[in-house]
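Each structure below appears as structure tokens.
Next come two complexes built around subunit A: one with subunit B, the other with subunit C.
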Partner chain A sequence: MTISVGLNCPACGGAIQVTEGDNVLNCGYCGSLLWVEGDTGVLTVAYRNMQDRDGVLRATERWWKKGFKARNLGQRGNLRECYPIYLPFWSTTTRVAGWICGYEERHYTDRNGNTRTERVPKEEMVLRDYRYTGIACDPGDLGIKYLRNTAGEASFADFESIPTFESTTSKDDMIESSKQSALHDAHRDADVPHVTFEKVTVIPKNIAQIYYPVWVVRYAYGERMYMVTVDGVTGEILSGRAPGDPLYQSLAVTGGTSVGGLIAAAGLVLGAAAEEPYFIIGGLFIGVVILGFTYLFFRHGSEIIEGDFKDKRATSPMDWIRSNLGGLRI
Partner chain B sequence: MRVLQIKCPRCQQPIYSKTKDLAFYCPHCRTMHVRDGGVHIIDFDIAEFNVNAPQDRVYMPFWRLFSTVRIDQSQVAGGTLFKLGRLLKGTANGGNLFIYVPAWHTEVQEFKRWAMDMTESQPMYSLGTDFANVERLPTAVTREEAMRMADFVIVTMEAERPGTLQYLRYSLQVHDARLVYLPFVRGPGGVTPGF
Partner chain C sequence: MASMKCTKCGAPVEFDVGDKFVKCSYCSSQIFIDRSGAGFYYALPFAIGESEAVGIFRRWAGGSTRAKDLDKLAQISSLKKQYFPVYLFKRDVNGMEQIHVEPAASTTLPGLHSLKVPGGDLKIFDDKFDAGGAELIKPDIEMAPYLEQLPGTPKEQALVYFPIWRLDYVFEQRRYVVVISASSSEIFSGDFPARSSGAYMLVAGVGFLAFLGEGLLALASTALALGLMAITVVGVFVAANFVARRM
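Our next item is the complex of A and B:
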């Protein structure tokens, strides 16, 4: 991404452009090679705010109409605040190069029930660049931890007029975190279940600090306050909280408990009649799973949450199972 | 943020270039320097073109790592005929070699191909004194990055032999890293060596 930074060539005074993450650039006018240094040796850029208040409010109203949010949110939602801020993010590129060798085990069962295990050797090269972003301050209740968008025009033109959160995390922590994430992702991509040898080199390629415009919308619904954040570049919703609809939740609770209970009871009855314990266990299991999904839908009471909140509802039941049953591979 | 004009640390002449290069070459005093946490003058080689090389010429930078490698133990599944061949030929398990790491910006697969091709072929060339106005690709890989990639090259050489590598114990020492500009000629099928 090429950006204008409002700086001039020290040799000829011409306006210069910088590519994110680069320390070296050429003056397009006099051809001088230039060296860019941030205040802490890190290239720092700000993205231009491309949204206005009306556009942000329209995006918020469109979001209100999606999903299982209160159906009368458009009428009863009462806007209190709508303002832009700059949030600092780290952006890193990390190269991973290496080999992960080992084997996977495949199990075969013949007609007589005899099981044979075959060990299949694997050698996987991992060679790619991984890019990560992470917020560089405490985002509080905004529900934003990562940059979803990395394209767009960047400029410091709005920097003075929009309140800016200061960076409070260190670049060394981000580099270390990126290295660990890259190593983890490389192992995942290599997909070698049993590792007998590995030699993997992780090289941080570049790091930049990006100030990204985010609009914060706070609104009231009944007695309670809610919020939405809107991407200042793309205009998309980044995170938000909204009241749920009692009708949807009642239907979920009623339907979920009824269906779950019926399946569990059917499993018990059929299993007892057929003297087949698998029916009983299967029916109970399916009934409990349905009740669990019902609980997931209802557990946040009357609130719908989107974004990187700590108390966010899992995006899917499988996500919830993964995050809550550590160590279980699905 | 601060922007500085890059000047030669030896003769203080400003350096002009149409490309972004991490290795800054001063055509006035033929000094090359890098800025990795400070300003450092580095040694470098320019290989001469073969006199018969066609005119669409380009210099491509490599970090040439003078290294000592010793393979202590290698366990490979399959590749029986190859292993038998190595045994009969009594292949040495160690020695000195130049590891070549591409220093320009490449996609990762291209990076691997160039590193393997040049390290396995160990190019022989005569030294020149300057670039003679031939285009050179900009350096985008630092010396430290190149040295860290040496392990990848060595393990790739072992892993790409027949069979499936299961275990490797080796030692690798990089004694010296030098930026080497090798001459190539552009053609319809890509670039070919021009030395």
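Our next item is the complex of A and C:
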């Protein structure tokens, strides 16, 4: 069995040129319109790398000084390796078209405390293109899952000199997940709280593969190796790991216990004085939430993690709620 | 780079892992590479050297859930450079592309059961490929049984060697093992010496209750409460600092 197939125009026999992702083309000799069947691949673009080694290292050093990282990282951090790679991403455009009908409920309370509910009918037309990106290989410990920037100069000029990560995920999985995300986002944008009727069509418009330049920087802090990734187009830090500082951890829990404890106490005192149980519950709740967040930083702040890492712990309340929906971790 | 003969002129044409269409550099005709009936051998190069692998292990060992000072106290008993094989199948199922990854060698190492091909610069594995002195783990599971079970029709099948550092360490007379992917630097571990959250929770809990009590006390005697709060702030900070550094 042979693995190579020569391509000829079925009309004139001339050699034809196909670009990946195309399924309609003209023969260069006789001009016949041809339809390509089988595995035509996907349109692939590579973005030009706009950063150099020095710029990336300086960006890393600036990142070291930001946030609650070890205070002596500037002196003790030792840059070891710095190299660019091309990472593959899927980029999809998905159109959502249709109507979502339903109503919104509004509550009014008058002076006597009577509540009146009004239903406002809503009829929203949906017609939008949604664009999603997703990494097309296993990101491993790079901490990158999506493209934040999708603008850049398309060029294959550096393609041979920069190591290229091969895409190893299915494009159809990406199309499928884009369809679901688009439908979800269309519902969110239509903003109809109670849906009574909907007729919505989700149409995958196109999928492309983007090779995006990313710089990987590895640095040592003591005997430990940490890493940072830098966007090869914009020069921004995409993800990174850095040592934390026990001073910030201790300050966080000192602040959290004092502020949280005093708010809880204030809630108890005010609630008891005004005979309003909501004050007590609210004060305790706010106090415990503040304590909880500062506790998480105290417990896990010895390593600062930015980006989409699997072992990332919450640094913002929204992240925390998202990552703990499946069960509470301490 | 692998090569094949041009279907038109017979000249050698080189192609790489991701290529679907290649152009013959002699007669400039375009050739489609049909991978559905062939099996390929791919490998990922080592992107992480020995000292980096140890450094990544120490970073991981210093993490907040690992036993205190594991990064300093763990004694590395061996560090092996290995290539581990997995099968990568691309199938066409009702017009949809599906990717399946299956083990090609039996192992008890952590992480190698999660079955994925780590990100990396896939190269064609032939006699020109430089394994860099790494030990090749021989595939002991055949590809053919998988081919019969998988859904759809084949698009591509390959044996992929991915590079790992196998690191064995000893901590308090017990042996542990971690696997570091030398392509994506991800670290896989089974059992590891864990750190207790007890001291951390104690500091946070006692501090919170102390401030809560002092807040209530402020109703009776503001001056006394403020004095106690000042002492508690210092106490919590000192205790927290000790716990964060030592526990």
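The rule is short, and it goes like this: the second predicted complex is superposed on the first by the 256 of 330 C-alpha atoms of A that agree within 3 Å, B and C clash if a C-alpha of one lies under 4 Å from a C-alpha of the other, contacts with A are read in each partner's own complex, and residues count from 1 in each chain.
Note that contacts are C-beta pairs under 8 Å (C-beta built on N, C-alpha and C of every residue); 3 or more make two chains touch, one makes a residue touch a chain.
Nothing here was measured: the structure is a model prediction, and the numbers come from that model.
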Can you tell me whether subunit B or subunit C touches more residues on subunit A?
C
State whether A:Leu7 touches subunit B only (first), subunit C only (second), both chains, or neither.
both
Once the shared chain is lined up, is A:Asp129 touching subunit B (first), subunit C (second), both, or neither of them?
first
In the superposed arrangement, which partner chain does A:Asp54 touch: subunit B (first), subunit C (second), both, or neither?
neither
Is A:Asp110 contacted by the first partner subunit B, the second partner subunit C, both or neither?
neither
Which superposed partner A:Asp172 touches (first subunit B, second subunit C, both, neither):
second
Once the structures are superposed on A, label A:Leu33 by its partner contacts, choosing first (subunit B), second (subunit C), both or neither.
first
Report for A:Glu275: first if it touches subunit B alone, second if subunit C alone, otherwise both or neither.
neither
Would you check which partner chain A:Ile16 touches, where first means subunit B only, second means subunit C only, and both and neither mean what they say?
both
Just to be sure I follow: which residues of subunit A are touched by subunit B in one complex and then by subunit C in the other one?
5, 7, 16, 39
Going by the contact rule at the top, pick out the subunit C residues touching subunit A in the complex.
4-8, 13, 17-18, 20-21, 27-35, 37-38, 45, 47, 52, 54-56, 58-59, 62-65, 71-72, 88, 90, 92, 96-99, 116-122, 155, 181, 183-187, 197, 200-201, 203-204, 207-216, 218-219, 229, 232-233, 236-237, 240-241, 244-245
Residue set of subunit A touching subunit B in the complex reads 5, 7-11, 16, 22-26, 30-39, 43-44, 95, 97-99, 101-103, 121-123, 125, 127-129, 196-197, 199, 201, 203
For the complex, give me every residue of subunit B touching subunit A.
1-6, 14-22, 24, 35, 75, 77-78, 108-109, 111-112, 145, 148-149, 151-152, 155-156, 159, 164-168
Complex contacts: residues of subunit A adjacent to subunit C:
1-7, 15-20, 39, 41, 80-81, 85, 87, 135, 137-142, 163-173, 218, 220, 222-227, 241, 243, 246-247, 249-251, 253-254, 256-258, 260-262, 264-266, 268-269, 287-288, 291, 294-295, 298-303, 311, 313, 330
